[in-house]
Structures are given as C-alpha cells and as structure tokens.
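In the two complexes that follow, chain A is the common piece, with chain B as its partner first and chain C second.
Moving on to the complex of A and B:
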C-alpha cells in the first residue's frame, strides 16, 4: 500500500454511533477518511460516501476474455492444429466445447476478481500500523488522515467527542 | 438512502382486489372453460394437449412457491420473511392440482401412447412399460402427489398464518422441521410427476434429469411471479415499509441465478444425448430440431436464457422496478413456451400449432391461479407480521 498516513482516529463502541459519525464527517467535506469495523456494517458504504467498487467490471471483462479464449482454444486444438474425427462429428462441435468455454469463463472471472480485490484492498500488507487491537473484535474507528482537506486536529478532537467517540488518538493508517 | 427505509413505520393494508383484477381472473377462467369445451368437441387431442400444457405450467409455478418458502425456512433466512407470505399464497392453487388431475383422467387416452392398445400391440418397448404406465396407476400417483402437496402446504402455510395472531415462535421451529421433511418428498414426487405427465408422452424415450429440467424452469418462473406480486402490491400501496428495492434486488438475483441454472440443466440434458447419439435417446431432440420446432427451440435458448441473463446483469437494472417487471413477464411467457415445447411436438404430426385453444387454456389456468391468490389474501395478511426474524428483514440492505 505504500506509505502510511498520520492522522486522527476516533474509537466508537457501537454500530449506531459510528454510522452517524461517518455520515457527519462525510458531510463536513472529508474525502480520505476511513471507517474500520470488525465486521461489515450495513449502510457503511453510503455513510462514508464510498462509490461502487470497480471490481465487477474486472470480473465481466475477464469473463468475456475467458469465454473468447475458450472458444479459440477448442477451435484451434480440435479443428486446426490436430483435427481428430470423434464419432463422425464436425471438428468444431460447439456442444462439446461449451463446457470448456464455460469453465474458462468462470476461471478467468473468478481469479481476476480475487486478484483485483487484493490489488484494490492493498493486500497483502505486512505488519500494518495498529490503531487499536480491539478493532478486530468489538470496537469501531474512524480515521482521518492529516493530509485531508480541512484537517484541524483540535477541532476534530471536539467533533469526535461530540459524536460519541470513547477515545480519540493520534495514529497512523 | 435505502439503508434507512426502516425508519418508516411498516404497515399493511387489507387486500381488496380491484374490480379490474377480479374481472380479469373470472374472464380468464371463463375463456379457458369455453376454449376447452370447444376444443373437446372439435379436436379433443389438441384440447387435451393445451390443457396438459397449461396445467403443468401453473402447477410447477405454484409448487415452486412452496419450495421458496421451504428453502428459506431450512436456511433460517431472515431477509426474506417479509416477502414469504406472498410465496406462501402460491399454495392456494394446490386444490386445483387435485381437481386438475382428476379431470386429466378423461384425457389420458388422447394424450399418452401407452394408453393406446394399438401402440401397445405394435411396440413391445411400450408394452413392457405398461406395468408402470397405465391409467389407473398413473392417476393414482398424480393424485397422491397432489394430496401430499396439499397436506404439506396446509401445514407449513397454516403454521405461518397462525403465527400472525398467536406470535408463537415455536411455529417457526415447526416449519423448519416440516420443510426438511417436505424437501426430499418434493424432489422425488415432483420428478415422478414430470415423468408421468410429460416424459411419458413419448414412452420410449427417457432422460434421467427430466424432473430437474421441469423444476428449474418452474422455479425460475415462480420467482418471476413473486417479483410481479412484490412490485404490484408495493406500488399499489398495500404494503409499506416491509420490503423495498433491496428485497426486489435480491429476488432478482435469485431469478438471474435460476435463469443460469435452467440453461445449465437444459444444456446438460442436451449435450449428453447429443454426444452419445443413441437413436432411442436422440428421438426427443430430433422431433424438436426440424421445421418450425427448430425456431421454437432456438427461441427458448435466446429468450429464456440469453436475453434475461444479459438484461439482469447490470446492478442498476436489477434495481429498476419497471425493467424487472418486464423481464419477469418474459420469463413467465418463456416458461409456458418451454412446457409447450415439451408437450406439443408429440402431436399434430409434429407441426407447430398455436392458437385459440392454447391461449384460452393458458389464460384459464392463470385465472385460476390468480383467483386462488385473491381469495388467499382476502383471508390472510399480506405479510407474516409476527415472524420472529422480521426485524432482520426490515433492516435488509444490499451492499455494493
């Protein structure tokens, strides 16, 4: 993921408070902030103003590529490079090749989606900075990097506290 | 945003069918009866073929409604409890399955070669099967099937309806158990049903996944019917806040999934027969690969698989009610075409015939199905309001 950013993190103890806080911080105009939760929280994407992921497009394009490759592969191997007469059927027999085309579509689409997910999420990350170990079990955090437009540590501490953060600390993410 | 729809206090109205809807249902039933009566007088073979097509078409859809209910009980699904009652209403057609099976006794000799003494005398392969395929035993099986469905439908839906007033959470546990018992019974008996009613139209031919083929198309159409009901009831203000675009989105995903499933099963059946190329197996497809039937076969691939698949691919379109409604109509019509394609090539010297009888009986059975739904909802709530998992359904939200 490259370099980590310094910034301010507010720790929250419930879904409701962090959803409200994220919404509020989004409305303050912050763009680069992150919400960290131990499990997927419904409505978090909207609250943070995150746009739809581009990964489905990768899946679609990879699927189409896999389908094309499967068509070409079966045609080239069975009808061009080494034609073999099987039961008197045409060299290029679509029904026999559809399973291969289908499987390659799925294989390409699935592996590319996983690859794109790793890329998009910046995985694997070795030894990332830890804001609070409890974020993996029962606490929630919002992290605002210092380079986000309008960042003002003193003011943000107040905002976090007003929003119900149980702890506010300088951190890195 | 959609995530916050639960702030609206959910409410349902008592369902009162609009007079237009009632007129349509009654008019369709009347038209069906007229078409059937005229058909019986003028060309009984075709009238019975039209009857069988429409009967199997609607029966499949109604039984798959109970399948949707059972699968949601078995998986302890929370998101779907606010729409489960709509699917439960499909069971109101079950008594018609019983009556329809009894009526079918009159058509056996017109429809099935194994009931024709000349065919039995001429074809030893058919004669060898008459121990299983004879009118008495076949009708007994079909009636037994209808009775089993009625019994489980009454039990499972009865418990759900009872919960509305008693709020007894144990009923949910009971329905889980009943669903688990029903599922294998459904799988076996529905397979037999499809073999008896459709596959035995060509008694020398067999396909071991015929039952799943009929199920896959029926369930696909059943989800389409569910979507139409969801959109209709929501847009006419009968149900507010219980389900929204997120539920429609998820049922549409289901619909797309089972569109692919149908294609998968259809192709599996076709490919093995095509590959092995054994005369006694290819018979079925040869009848559907010549003349007008080739067009119908190709239309099925295009309009029952390719078009819905592409139409339901983009996320935005799955959340567009008008679009989903249109695709659902297409899926229902193509399911009828599919059953028609399974039945008709066996008759009329393999000519494609379609007209008044087919449309009349199609509408007739649709009318019966609709009438069942109207009467069900005049008695019962539109939503299983006291389900213990309702909270989960009200907070249902589809993330990106």
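Moving on to the complex of A and C:
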C-alpha cells in the first residue's frame, strides 16, 4: 500500500492524560503526530497546535456561488431565454425569486462544506488500519509516525510510559 | 447559584455509554419490537396499495373537487413537514444556543425529521395527479422550447425549499452519524456487520485534526439549517398566503406556521421518546425526565403561540373591515366545519395548559396522551386552514363541502405506517443517541465536576 505510515502509538485511558501527553509531544517538537479520540476533546486543538479549520472559507465561497447561480438561473430562464408574461409582473421579478436564491445558497454552502470535510478528513478511506478498536469508544491514543523528525522508538516508549500511557505499541496509521 | 441537574444519570463511564447506546444494535430484536414492526409493515404495505390505486385511477378517488381542490394530501403534507421541524430545531437551533440537554434527543429527533420529510414529500408529488411527470417541477433544459418553470410561483418555491431541506437534513444527520458508525465498526463481531458499518463510517478514525474540521462543519451545518428550517415552513405558508383566498391571504402565516410546526414536532418527539424509553429502558438514564419536562415546556409555549395566532387572525379579520375575510373566520368557528375548528382549539390551546403543573410535565403517561392530542390538533389545524377557507369563499354559488372518501382516510392512515416502519428500523440499525456527542457532556451537573465547559 504505502499509503500508511508505520510508527509508535501510546494508548491512554483518560481525557486529562491525553491532553497533557499531546501538549508534551508537541513541545518535544514533533509535527506529524496524531491524537486519536472517540469524541472531540475540549482543548485538544490547542494541545496539538492545530490551526482553525479552513472550511468556513469553502462555505462562504460556495454560498456566494449558490446565490449567484440562483440569481442567474431565475434571471436567464425568466427574462432572457423565454420571457413569459405572468400576471403582468416584470420578467425579472426579484422579490419572487429570493426564495429560490436563498435555498440554492444554503444547498450549495451545506453540500460544499460537507465535501470539504470529506476532503480534509480523507473520507472515504477504505479499510484504514485501526490502532486499537477501543479508540472509538473509551480510549485515547497518540500516534507518532516513524518519519517524524526526532523519532526514536526506545526513547518514545519511555516518554509515553512517563506520560501515563497504559499501552505502547508499534502500529500503522 | 442554581445547581445544574445531571444530563446523564447513573455516573456512566465512557465505555458504559457505548455499551448502553449500542445495546439495541447488538442484541436480537425483542418480541415487542418485532410485533410493532409487523404492524407498521402491514400498514405500510396497505399504504403502497392505496398509493398505487390512486396513481392508477387518478386524484378523483380522493375528496378533492370544486371548490375544495386542496384536501387530505395537502393537509397531510403540511402536517408531516411541520413535524420534521422539531428535529432541526433540536439539532441545529438548540445547538447554536449551546443547550446541552439537546444532545441526547438530537439524533432521534433528526431521524424523525428525515422520515417525516420523506413521508411528507410523497403527497405533493401524488397531488400533481400525474406523478410520472413530476420531474417537470425542476428547471432543466427540455425540448418544449425550452419551457422553464415559473419561478414566481410559491408552489415552485416549495419544490426548492422542501428538496433542499430534505437534502440538508439528511446530510446533517449522516455527518453526525459517521463517528458513531466507526464505533460500531470497531466493535463489530461479524464480517458482514464490519463491512456494512465500515462502509457507512467512510473510514473515520477520529484524529484531532479530523475532529477540528468536523466540529467546524457541524457548527456550519447548524448555522445553515437554522435559517433553512425557518424558510421551509415560511415557504409552505406562502403556498397559502400568496393566494387571495379569504382565510389564507394573511401576513401572520409565516411565523404562525413555524410556531405550529415546532409545536407539532415537539409533540411527535415526546410521543416517540416515551415509547423509546419504554422499549429500551437503558435510555432512561440519557433521556431523563428533565429532558421530557423541558420539551413539555416548549410544547406549552409554542401551543400558546399558535393560540395567539388564532386570536390574532380573528382580530385582524374583524379589524380589516373586509367582509369576505370576516365571513371566512366566523364561518370557521360557527359554520358547517365548526367541529374541526373546536377540535383544533381544544387540542392545541386548551389541553397543553395542563403543563403549567410540574407534576403533569413530569408524568410520562400524561405527556404521552397530551402529545397525541397535539398531533391530532395540529392535523386539524391544517385541515381547518385548507378546507374551511376553500369551501366557502367569495360567491355563495360556488360553495361546497369536502367529499371525504375512503381513500382520504386510507392515505392519511397509511402514511403513519411508512413513518413508523422507517423509525422502527432506525431504532435497531442506528445508534439512537449520539455516542460521540453525549460523551463530552457526561460531566455536566456531576458533583465532582470533572469537565470544564
């Protein structure tokens, strides 16, 4: 495959220990490590040094696109391509077209945001390696890939143990 | 300072939560569930036969005719689409307001939304009379000119609103489910289960980076769904309000419809939740009496809001000085359809007043009964709006009564079979409480206060 990286994973049993561990690993200078949690842990972004998500920009651009498309569609079909006189209303009846423009704004923005999430989170991934099946239920893990700068298996095992990991294992992510 | 009640009872650990929520998925179905599914499937099959008959023979099988061209199908469409609104209110609006209690009911309420919108969507499609031509509703380049749809028509706005709403609420629901599907995948004992839930989970692994994006998208979807849900029932009300039929042509319709939608939706949530608590007793620690009480408060509040709207409509009908408008309302309350009007008032305004009493708000049997009454009342509200306004409008020469037929009743009854079939299958196939969302709020209200935030 080659898609996945080998590396070392430390398994933790509580929110507090993994938060501290993530902070510590970040301060050791690791860049490519991953923190796996069964639910979004409050404060994890800061602990891992993750920047604010860029997805809102996608939402905004998609929303503007949807709005423009709605405006263009209603204008072009009603006033250009085949203008039909409906009850003497103007061919481009802007107030009546607002619901269409609004719904298309929401539709484009929502679907693009979800598309962006799929891209950002690498979804869908077929059969990804699972470090520990409990990581989606009640355990937490930090994974450091072997190609990260300063990776030293023996030393990291000690670090993980010191940070309170209940299990340290070689794995793949 | 007021002490906060625990959101989740029984000092659950993280693993307890996973075990409890997934219990219905990991145990064979109970007799009660199988019995209910058999019943729901029977009604669903009956419904399909009725729909088939209506499609084959035409809309004439229903009571719609001159002067009442909108009947059961439109009434029931508005009824179901309104029910959907509570799901989005709970999942999106209460999320934006940081109401943590929403967490344990959000998933099921959203499922209800999705199924209610699916049930609702069938009616206008059938009501076109020639459902095989329903794709004409969408603007697409065609060989008839191209002749485009009329974007000035509220009925077309409705096509866009309802289809957008259905799409976005399904996507919102699914995004919320992805991490939970991953949990099921990782616990699956059989290959087949691993394959099904593995595919549904899309390979989700829950790294901090993924969660960061995920939470952002969840917030964005909540932010987008909030105006969307308000727009949907607003546009449904435009179907009526933009016409000039007395009783329909009123500016109060959008807020009045939205309040009514939330009212009926919460009633349906309470109906379903009391049943879910009965069928799956382990959920009582998650969907606590406190949750039910809060929902009952919302039912009473929104009930009074629709009550205010009923009153306001009457006042404006008198104050406007328009004789047709005035007649429409006097006719509603005292004409041949007065019984339906008073059923509506009793069920929607009077009966929920019992929730002033704390004992009533916290009594499961009582709230079940009240929620059923509200469901009935809200169906009648739409009946009153649609049928009584049409049956006597401007010219007495064109007055008439709705010729309720067997098919009217059958199609209303059958739609419940469809809804319940989906809902029952959902309870056994999908985690009915969001596992990933409930875990961060486990600590709320606990004595030791392990969680900050």
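The definition used in the following text is that the second predicted complex is superposed on the first by the 171 of 173 C-alpha atoms of A that agree within 3 Å, B and C clash if a C-alpha of one lies under 4 Å from a C-alpha of the other, contacts with A are read in each partner's own complex, and residues count from 1 in each chain.
Simple rule for what comes next: contacts are C-beta pairs under 8 Å (C-beta built on N, C-alpha and C of every residue); 3 or more make two chains touch, one makes a residue touch a chain.
Computed from a prediction, not measured in an experiment: that's the story for all the values here.
Colleague: Between chain B and chain C, positioned on chain A by superposition, is the outcome a clash or a fit?
Modeller: clash
Colleague: Give one of first, second, both or neither to describe whether A:73 is in contact with chain B, with chain C, with both, or with none.
Modeller: After superposing on A, A:73 lies in contact with chain C but is clear of chain B.
Colleague: Pick one for A:96: touches chain B only (first), chain C only (second), both, or neither.
Modeller: Both chain B and chain C are touched by A:96.
Colleague: For chain A, which side has the bigger count of touched residues, chain B or chain C?
Modeller: Touched residues of chain A are more numerous for C.
Colleague: Answer with first, second, both or neither: which of chain B and chain C does A:149 touch in the superposed model?
Modeller: So A:149 meets neither chain B nor chain C here.
Colleague: State whether A:133 touches chain B only (first), chain C only (second), both chains, or neither.
Modeller: After superposing on A, A:133 lies in contact with chain C but is clear of chain B.
Colleague: Scan A:45 for contacts with chain B and chain C and give back first, second, both or neither.
Modeller: In the superposed model, A:45 contacts both chain B and chain C.
Colleague: Can you tell which stretch of chain B collides with chain C among 115-123, 205-213 or 367-375?
Modeller: Stretch 205-213 of chain B has C-alpha atoms clashing with chain C.
Colleague: Report, in rising order, the residues of chain A that make contact with chain B in one complex and with chain C in the other.
Modeller: In the superposed arrangement, which is not itself an observed complex, chain A uses residues 40, 42, 44-45, 47, 50, 52-53, 56, 87, 96, 99 for both chain B and chain C.
Colleague: Using the touch definition from the top, list the residues of chain B that touch chain A in their complex.
Modeller: Touch list, chain B to chain A: 1-4, 267, 270-271, 274-275, 277, 313, 315, 395, 397, 399-400.
Colleague: Within their complex, state which residues of chain C touch chain A.
Modeller: Residues 13-15, 18, 139, 145-152, 156-157, 160-161, 164, 167-168, 171-172, 175, 178-179, 182-183, 185-187, 198-199, 202-217, 220-221, 224-225, 227-228, 231, 235, 238, 435-437, 439-440, 451-453 of chain C touch chain A in their complex.
Colleague: Quick one: in the complex, what on chain A touches chain B?
Modeller: Residues in contact with chain B: 40, 42-47, 50, 52-53, 56, 60, 87, 95-96, 98-99.
Colleague: Which positions of chain A touch chain C when the two form their complex?
Modeller: Spelled out, the residues of chain A in touch with chain C are 22, 34-42, 44-45, 47-48, 50, 52-53, 55-56, 59, 73-74, 77-78, 81-82, 84, 86-87, 89, 93, 96-97, 99-100, 102-104, 106-107, 109-111, 113-114, 116-118, 120-128, 130, 133-138, 173.
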